[in-house]
């Protein structure tokens, strides 16, 4: 399992592995939205929490695309399925590796993007907290989506379609947490819900994803 | 060339080909942003042109990902490069096919999404016009980015990083055209600029992209 | 310890391709499956390896003793030869990969990225993976594709050593492997009858 | 009308692999390239087909007369056999694909999706593409991989017919094709010397 | 002797080894002198207070952030047309330097903006187009990093640099069209609407010279490193073949 | 010696600090990479010579 984690991290940081690109995409969204919406600080600061969360979500999604697909295409997945690692463990490890490579750095640079979007000063700690709590759920849900669509060429977009609705609760609680934080309102409810979504996903989804993989391998 | 166009369209509409998924993604963005930002009609209608353009742009980008990559992986690109079609023509045809499969349907459903985002009534014709004029540029610029990254596994995200900054002029002129249209202001300047960007991209980029493909095939 | 295939029927794309296949593979033996293109050898091997369920009949094989090697080698092109093999060695918990590298004559290439290997070298690496699985039963689908004669002989030697240590191998191939001691099974007679049940769904209807 | 390779040196990954290769291929003839795994056959064929520039020397070949078939077949798995082949027929402007389907014994599979073909059937389809290119010179990289003996013989027949019509073929293979009339060229003596320039950059440095 | 001889790696290594100590010394001296003069010896501005001192970092680094891209463009063109390896490697070497200067421009600008405009960031045209330039740098470097084969990487990044320049230029105009700005207008030394008096101009010019020299020094050093790296990979490839 | 920076002291000093850190970081990185490449090249060239003999 550790070997798998190390391999995935190594693959990600090797040339062309895509490390940092999730980040870059997050940055893009934070840059493009003002370009589209216009430069007024008031509007931007109003929509900042929502847009940043949508950006984080899309960045996760894009890099998820090939979570299992590459292994499927080159035959590794067949071989891993016959290896002495439980498939559930494999999914969990791959989800973790994905989070380490996208969710974590994303959380780390989010304050800078908050700046670009004119987020209210009180919102910064909440933004970081919300992303740190919520992105693991994004990775796990995404892993499930990736497992469902693994056999399909151009599965990426289909996967987006399957995964995005599942991202809705995380998005709503996450964005709400940041909005309330920025406005200095009570934050306990969205905080608890966000934590619940993440814990639930991490507990249940590896099993569902492993099952989906088994079905796809037949 | 016609054969290539037909084949690409056929591949796109076959199972797993990705037709309609660009659309679906566009829809997702239009749904997720209100979820993240909150439901006030005033804010939404204020940011509608920008968000819709950003959504269109991301939808295009996602489906571009594998414009040449699939052909590269299964060896078709090598074979096409030795076929009696000039590579420039091939790039142009593939860009066109991509536009027919994403840009065009996207333009067609954009009024519905305008509704979701509370776009001002005067803006609808301009939204459709702007997308119809601007999306071909998105496809061509994307084809260039795809040609640059064709040999790379997980090139998709790198491609986004390369392509998104190049989308900036299209985005600015396109979103501005819609904003002005919705507010009943003069629209000639952004209209002309948008048309110029599209024509320029269509005229020049196939050559650059073909050159990049040749370099990648070596 | 042996592998038994009893009355096995296998299907691909919902169509039965082979039916009523019976054979037994004992430790220390190799069985070569033959048959024309498209007969169903790949499908049979995937079923035996447990990657797809049988249509009928059963495969009796000791738990966790099966290693499968297919047309695709499962190599990561950005990792080096040693990293690729080392990964599988630690997944299967068999420690070092050096012996396997040496056995398949890859020591000189150990720091080369897999993307920079020739077709035959890639295949050698794919086969070296079998050695680090530590598994007794090998299911091999056209293992010697792209190999030159010297490499085929090398592989035959490796296979012989595996058999001598009590392993067993089930091999589909069109090429002569230079393993005269292996048993041969021609699958042509087991082609599924056209009128036979085409799958669970079809069956449910009749 | 012939293909001439003059003092050709080819490189992969910036390293010269073969040097000073000279041969000539006349219409109506076939030349089989031999050599151990990793010698540089694939690299040589790609250079001759014009997919990569030579390191030194030149390839003289009539414009637009080269068809290349590699390890990968360029099949679209969601298109049927007939659609796949029809596409190439119209790209090369040679009309119908039916004759090629018949020649490679694929008529029965014409409406099957390429994804549902076995390894050997895919390869037959890949080879059928050569027939619809209408090109005189064929560059073939291990064309008979995964084919059974009957299909190898079928392909040898197709190749012979192509030669009889004034075509020519350059083939890299490890397997006997059953073409006794073909000339053989062992590339082993052309292995690039170790001390030679390893690439343009290295040369400029010293 | 033609100028192109310097594009021979060996010649380049020799010449640059000879030039480097001098230019390094000059760069350090100019930069220290300029910054010292600016920081310690100039008065505060009547409107901006002591924040004018940021000008000595902000303006030169912003200029060099843009200038580095032009140098990369020139080097890319030379590579595409004449295929001199050194010029491709010089473009590669310049990218991180240009990125750093751009980043310094962004950071000092943001810090300066906080007291002057009351915000760290505004979607002002100068700022926006500068940020887009930063993104082009990131993409350019990512493409270099992603491609394994050195010549292919040089080719593709050159094409990207060319096409990217056109789009960066377009973006600049699009952005100016899109919003009116807070930022100072063009021409050296317009602060708060007035021409900067000579008190600020002289040290500023010295700092600009220092940044240019620093840029040249760093690019030379990095190009030498890149040349060595290419040499290493060539030798390693040969060694692997011998094995 | 230190000039009086008034109420903008933190602003000016942090701008200088950030710039100096970034520049020194780049210089250090450049020098470190340069030294490492030089060492590696020397190593490999020595080995290549040994091979040739």
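We call the chains A, B, C, D, E and F, going by the order they appear; numbering starts again at 1 in every chain.
As a working rule, contacts are C-beta pairs under 8 Å (C-beta built on N, C-alpha and C of every residue); 3 or more make two chains touch, one makes a residue touch a chain.
As the structure is a computational prediction, the values presented were derived from the model and not from experiment.
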Inset, instruction - Go through the assembly and pull out the chains touching subunit C as well as subunit E. - result: A, D
Legend entry - Minimal step count in the chain contact network, subunit B to subunit C: 2
Legend entry - Most distant chain from subunit D by Cα centroid: F
Legend entry - Between D-E and B-D, the pair with more C-beta contacts: B-D
Inset, instruction - Give a one-word verdict, same or different, on whether subunit C and subunit D use largely identical residue numbers at their interface, taking over half shared as same. - result: same
Inset, instruction - Mind checking the centre-to-centre distance between subunit A and subunit B? Centres are C-alpha means, answer in whole Å. - result: 24
Legend entry - Inter-chain centre distance, subunit A versus subunit D - centres from mean C-alpha coordinates, in Å: 45
Inset, instruction - Indicate the whole-number Å distance between the mean C-alpha point of subunit C and the mean C-alpha point of subunit D. - result: 28
Legend entry - Approximate Å spacing (C-alpha centroids) for the pair subunit C, subunit F: 53
Legend entry - Where subunit A touches two or more other chains at once, by residue number: 15-17, 21, 24, 28, 35, 38, 73, 153
Inset, instruction - Pull out every residue in subunit E that's touching 2 or more other chains. - result: 132, 135, 138-139, 142, 146-149, 175, 178, 231, 235, 238, 240, 242
Inset, instruction - Provide the list of subunit C residues touching at least two other chains, using ranges where the numbers run on. - result: 71, 77-78
Legend entry - subunit C-facing residues of subunit D, complex: 12-13, 35-40, 42, 71, 116-121, 124, 142, 145-151, 174-175
Legend entry - Touch list for subunit D against partner subunit E, complex: 13-15, 17, 194, 198-202, 204-206
Inset, instruction - Provide the residue numbers of subunit E that touch subunit F in the complex, in ascending order. - result: 39-40, 44, 49-51, 53-54, 57-58, 61, 96-97, 100, 103-104, 107-108, 111-112, 114-115, 214, 218, 221-222, 224-225, 228-229, 231-232, 235-236, 238-239, 242
Legend entry - Sites on subunit E touched by subunit A in the complex: 110, 119-124, 128, 131-132, 135, 138-139, 142, 145-148, 175, 178-179
Inset, instruction - Please name which positions on subunit A make contact with subunit B in the complex. - result: 16-18, 21-22, 24-25, 28-29, 32-33, 35-38, 43, 46-47, 49-51, 53-54, 57-58, 62-63, 65-66, 70, 73, 152-158, 160-161, 164, 167-168, 171-172, 175, 179
